[in-house]
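The next part holds the structures, each set out as structure tokens.
In what follows, chain A forms one complex with chain B and a second complex with chain C.
Entry: the complex of A and B
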């Protein structure tokens, strides 16, 4: 193995890509999910929202792996339930207010003068309920879209595949991700040690008895990790030149400009105007240029990078198309192209008076596009249970719920 | 290959140099074994080879360290990466990524190796270290021996010419240690690497050594052929002790060498017989004790009786449930089944403070017990915790190790002193049952002998002592009874001589040398 292998490049180059059990590039999932989430944010059409929600669910259930991050979706669903519950509760209790179709009436609690404008109880109208329902449905589907990205994309691989300019940040986040479960383990070990000493320390002493050994352990670990990284050449291919400073400045300024553009675009109620688009465009160009420049500065290579192929493009584009369709349906000139006038009811169906909302055919297409990843990706393989102990430890699932599950030392029976 | 030219090194704030006028040459393709007592500067010597000392640790280095033509004064450790591969004491602490394959690739990514070449080298390295089937496994799931091999593979992938390892087998059971050493010997003999390794348990590695480097303790270093260096050094592995006893001037490096010389010189030894194992009423008895973590059963229905006045070794490979068992016996982890201490109480039903007066446990990472600023404060706290008269702990500590200063910071103590302190804290409660989990890790031979004396004293006072250990030689020399665990069950129980003498993995070297005579330690060698 010591022989020179920098010699003749092989033709054709051997595959560096992930093998057949590969999963989709994590950023493709994020692009798709964000496209859908933004599209959903622009509409309150309940039929469309329900369809998109179902499509997202289908993709999650069919394409998620059994990795620890994929198990987080239940937390998102729980949050979604809370969102609907809380908003409904307050709408019924305090919100009433508008609409004519009274469903039922709660006893109204008279409030003193200084609370004028707030009403407790009273009429609950169909219009009020519908308004809240549509609006919270929008939030819920956005949450599901973010949950989808979380469940489908491996966060570590996503962090590995960042542009070179963000290399340092991604390294520190990855290390933090590995150190966290070790800290949990050392916390359990120290807790056992407390019992062994009799656990008589009280108050500040007790806190010290926990923190001092854990911190000492963490510091020891960090020092050995740093020594190991240094000995293996970390940071060797980095140049610290004046040009690098300029690149960083360019990146910082252009991302701020792009953020300003995005803010103007989203905050203006009517036509955003050229300033918003200008800022956004200039900012994006600056970021791309900055990332390109910084890529030359760090000569770190990637072992078997996640490939970006036709599947990734398809998934990304399907998400962006969903967004494009919704944007188009809200734009007067697009309607004009088809010789029609803008129908605001398509995206935001009126609830005054309450009518059964209609579903524009383009929205059906958009919902179908949301589910497109099912067709172009494969279900990931399941890890055999025997090899999953570390996953459980990494999430702290077994550890936090049941202290016995993580042992106070390294003596676990290996399967 | 490695040249030290009048090297001296002093840590910042240290009164005297750790290394003093070191002149050392290690030739290409040698396996050099660094020996010396704990705290003499072995790790410092190793760190100086790739520049971690002084670039990373601070301190002042004079003289020149040159490896393969590169001097550490001009190259930082990261610039030495493709010349020297460095593996620290605990492989798990040095891992950067989370799967085997990515860990091996990490170093090459940092060096900017071309992806095509990298792909090939990762495969080669996986095969070389025999870990190809582990490639997608998370690093946390691996056993100690596997982690150590991955750590070695991860520095090998960058193709260094020299490999530096700091105690690569100290945490491993005998079989896993054998795996790692086999891998290292392959690297020396088949690949032609130069390897420098520091080790406490010399019996495991000395037969493979070409050169021994003895860090004497006053900062100087002596190097030469292992046979003569080990004959003089103040670290005495069993075969060296045998050579001293038999008056040989050269230390046999392997069991085979010793056997041949004994046959040639027609040496015979007296029959050995065990003093009967003290057989009193059990101080500690467990029936059907089971420890489960989730769906994993670490200890499966173990039943045992331990009498007062006995010292019992608990052995078995990593992960066989030894630590879980002793933790359960103390009541520190949850268990099911019966457990009775001193005839009447179950430690699991007692408060932590009361349980500690019945059964005490010194855990594997003894430092977890320490949190105060000075030794004296820890001792005073121990007296309060144990409801013992003030000064008890300090008295116990003075008996165990007179050299521990009361105003010292517990975290600055040497391994041996820290163990003495923790032992003193735990013994302050004067418990009848004492459990020690891997106490010999990081101890040199003299400290182990001291520990053996302490344990003997406890047993003589009627206590029941259980020592969890991988250290076959320590178990053979210091214990009466041995329990062997595998997969959560006790698979062998008998006198240490019966259990260890008959096992290929757990037999001490002298038993192998004098087989079929089951000699356990050099004290039993009586020439007839």
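Entry: the complex of A and C
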């Protein structure tokens, strides 16, 4: 069903020059967003956090397409609001007096013995409120960074660019992503059929009467899909499905090392030190290398791979530079390089006593770098409203006017 | 029929477990346990804010998951299992947004548990993983919580595949009991790992590295009862209800497909 349905005509498009409406490689967006997200996590400077948040918002609003996943950002803002709200609620209700500047006092309510140690109400301090605000702001901006990656990167194209060793699994996910909307269509069909037959089930029986045919339909679909995949020679390109022993060993050892790195990072007291980070990095590199090494065993060709050019590099590097600046500001030897001593207030302004935070010039640069993708990328071509509703001919002619309109079965055709 | 014992899965399951995938699964379990139980690992002198801790394993877990999924995919699946995995994942992913957020109405566990039962632990693990992944992609919900959800739901499907054989009637009771248990375990683990995310630090309900493990567990239990007991209970009730009503039909649909498509354990 998925692989056989070809309504969109394949038209050749220029491969050398990047078309004006070509979108950025999805992994570039992810690298940029993750760099910013990690950087944001290392600081509680509210001025910097607000600046970065605004920069992220600008990039999202100017560069997102009208694809379904790009409309999800409101959910992240909702989540961000909940995070601040819940934390403020807990701070005020069970803050347990921390700091000296008392803003107001709530009546205390004693709790039964089994909840000993917990005290409801009491003094609400400025320091406590500030601490909660700074800390939640950091989490909120991190959520916005993740939301940016979700809104800007096309997940289907990101799946196409996974290492060949994950090809089978990504085929499964692609099948899932294409079948999920078909289930809705299947539900409508079942409803029509039930109405024609005059079905009158109520309550739990109705659930059964709807879901059983939908599920049976889905399972039948999988059987016919498998038949059509096998008829087209899916998975016949591999010589033997076994990986080489050393690749297996590399994958195993490096995932163990990465786990150990995470464990060390969490269990070391004080400064985690280079060993933990070394383990994490080596493990990650080893896994990537191992997955890439299994490529020659699993011969998979890519259909029109997304290019990785200067734009992608710029976006990726801008995200990593933000991270580098924040890391440098927290490092004593970097400060010594400029003949100064580490000022902890730059990244984590003191809230005890409460002072107005200052903004180091390097942080302004970092916030500006966050917004750099606006300069090097172009706004995605939006589909005119008339053609938005599944007009395959119109979107097919221009190639990728609407990234969401690309046939999701491309990946299936390749193997 | 009622006296016949129903074998949990066709011989070996739909996804063949090689020794390599067994080792990687054990490794995933170890990494997952460390990830979920970090508040017990952290020493009193940990100097980073507690909100950073869940992010450490949010970075590590994707690599571990990539290894185990690549092994499950490349060594143990043919086109039939792959298509079935894709379609069942779609069922889970499509059911999830229906209930997400409304008082713990969580429908995603039900297909996962039944499919794990019929198609074996390897399939259950992959399906649990991918259901959450696909639904996150569909709804744009990718975040630091996703690797945790994937590991936890993967093992929900995995252990469903390891449940002992049972007669027709008892099978549903078994699956329902397992569903309730799994729903609570999933909720507690997720809440535990993302505890400082929810409350922040330095409140009386917060994780305190300076206090011992027991003290922290006590605080967590109080916090959990106060905040998310309703969610966990809602999830358990929905799962049990779905298994009671739909479990029988779905079991027969999937078992019929096993006969129809003639699934045999994939051979390397």
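Note that the second predicted complex is superposed on the first by the 312 of 415 C-alpha atoms of A that agree within 3 Å, B and C clash if a C-alpha of one lies under 4 Å from a C-alpha of the other, contacts with A are read in each partner's own complex, and residues count from 1 in each chain.
Operating definition for what follows: a residue touches a chain if its C-beta (ideal position, glycine included) is under 8 Å from a C-beta of that chain, and two chains touch if they have at least 3 such contacts.
The shown structure was predicted, so the numbers you read here are calculated from the model rather than taken from an experiment.
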Which of chain B and chain C A:333 touches, first, second, both or neither: neither
First (chain B), second (chain C), both or neither touched by A:341: neither
Residues of chain A touched, compared between chain B and chain C (which is higher): C
Chain B versus chain C as contact partner of A:195, first or second or both or neither: first
Touched partner set for A:303, first chain B, second chain C, both or neither: first
Contacts of A:209 with chain B and chain C, given as first, second, both or neither: first
Contacts of A:262 with chain B and chain C, given as first, second, both or neither: second
Touching partner for A:251 - first (chain B), second (chain C), both, neither: second
Touching partner for A:90 - first (chain B), second (chain C), both, neither: second
Contact residues common to both interfaces of chain A (with chain B and with chain C): 174-175, 177-178, 182, 208, 211-212, 216, 220-221, 225-226, 229-230, 234-235
Touch list for chain B against partner chain A, complex: 50, 52, 55-56, 76-82, 84-86, 88-90, 92-98, 101-102, 105-122, 124-125, 128, 137-141, 143-144, 154-156, 158-159, 161, 171, 191-192, 292-294, 296-298, 318-324, 327, 330-334, 352-353, 355-356, 360-361, 363-365, 367-372, 381-382, 384-386, 411, 425-426, 429, 437, 487-488
Contacting residues of chain A [partner chain B, same complex]: 1-2, 5-6, 9-10, 13-14, 16, 156, 174-175, 177-178, 181-182, 186, 189-190, 192-201, 208-209, 211-213, 216-217, 220-221, 224-237, 299-305, 387, 389-394, 398, 402, 404-415
Residues on chain C engaged by chain A in the complex (per definition of touch): 20, 23-24, 27, 30-31, 34-35, 38, 41-47, 49, 51-53, 55-57, 59-60, 63-64, 66-67, 69-75, 77-80, 82-91, 93-94, 126, 130-131, 133-134, 137-144, 197-206, 218-219, 222, 245-246, 249-250, 253-254, 257, 260-261, 268
Chain C contact footprint on chain A (complex, rising order): 41, 68-73, 75, 83, 86-87, 90-91, 94-96, 98, 115, 117-119, 128, 131-132, 135-136, 138-139, 143, 146-147, 149-151, 155, 159, 163, 165-169, 171-180, 182-184, 204, 207-208, 211-212, 215-216, 218-223, 225-226, 229-230, 234-235, 240-243, 248, 251-252, 254-256, 258-259, 261-263, 265-271, 280, 283-284, 287, 290-291, 294, 297-298
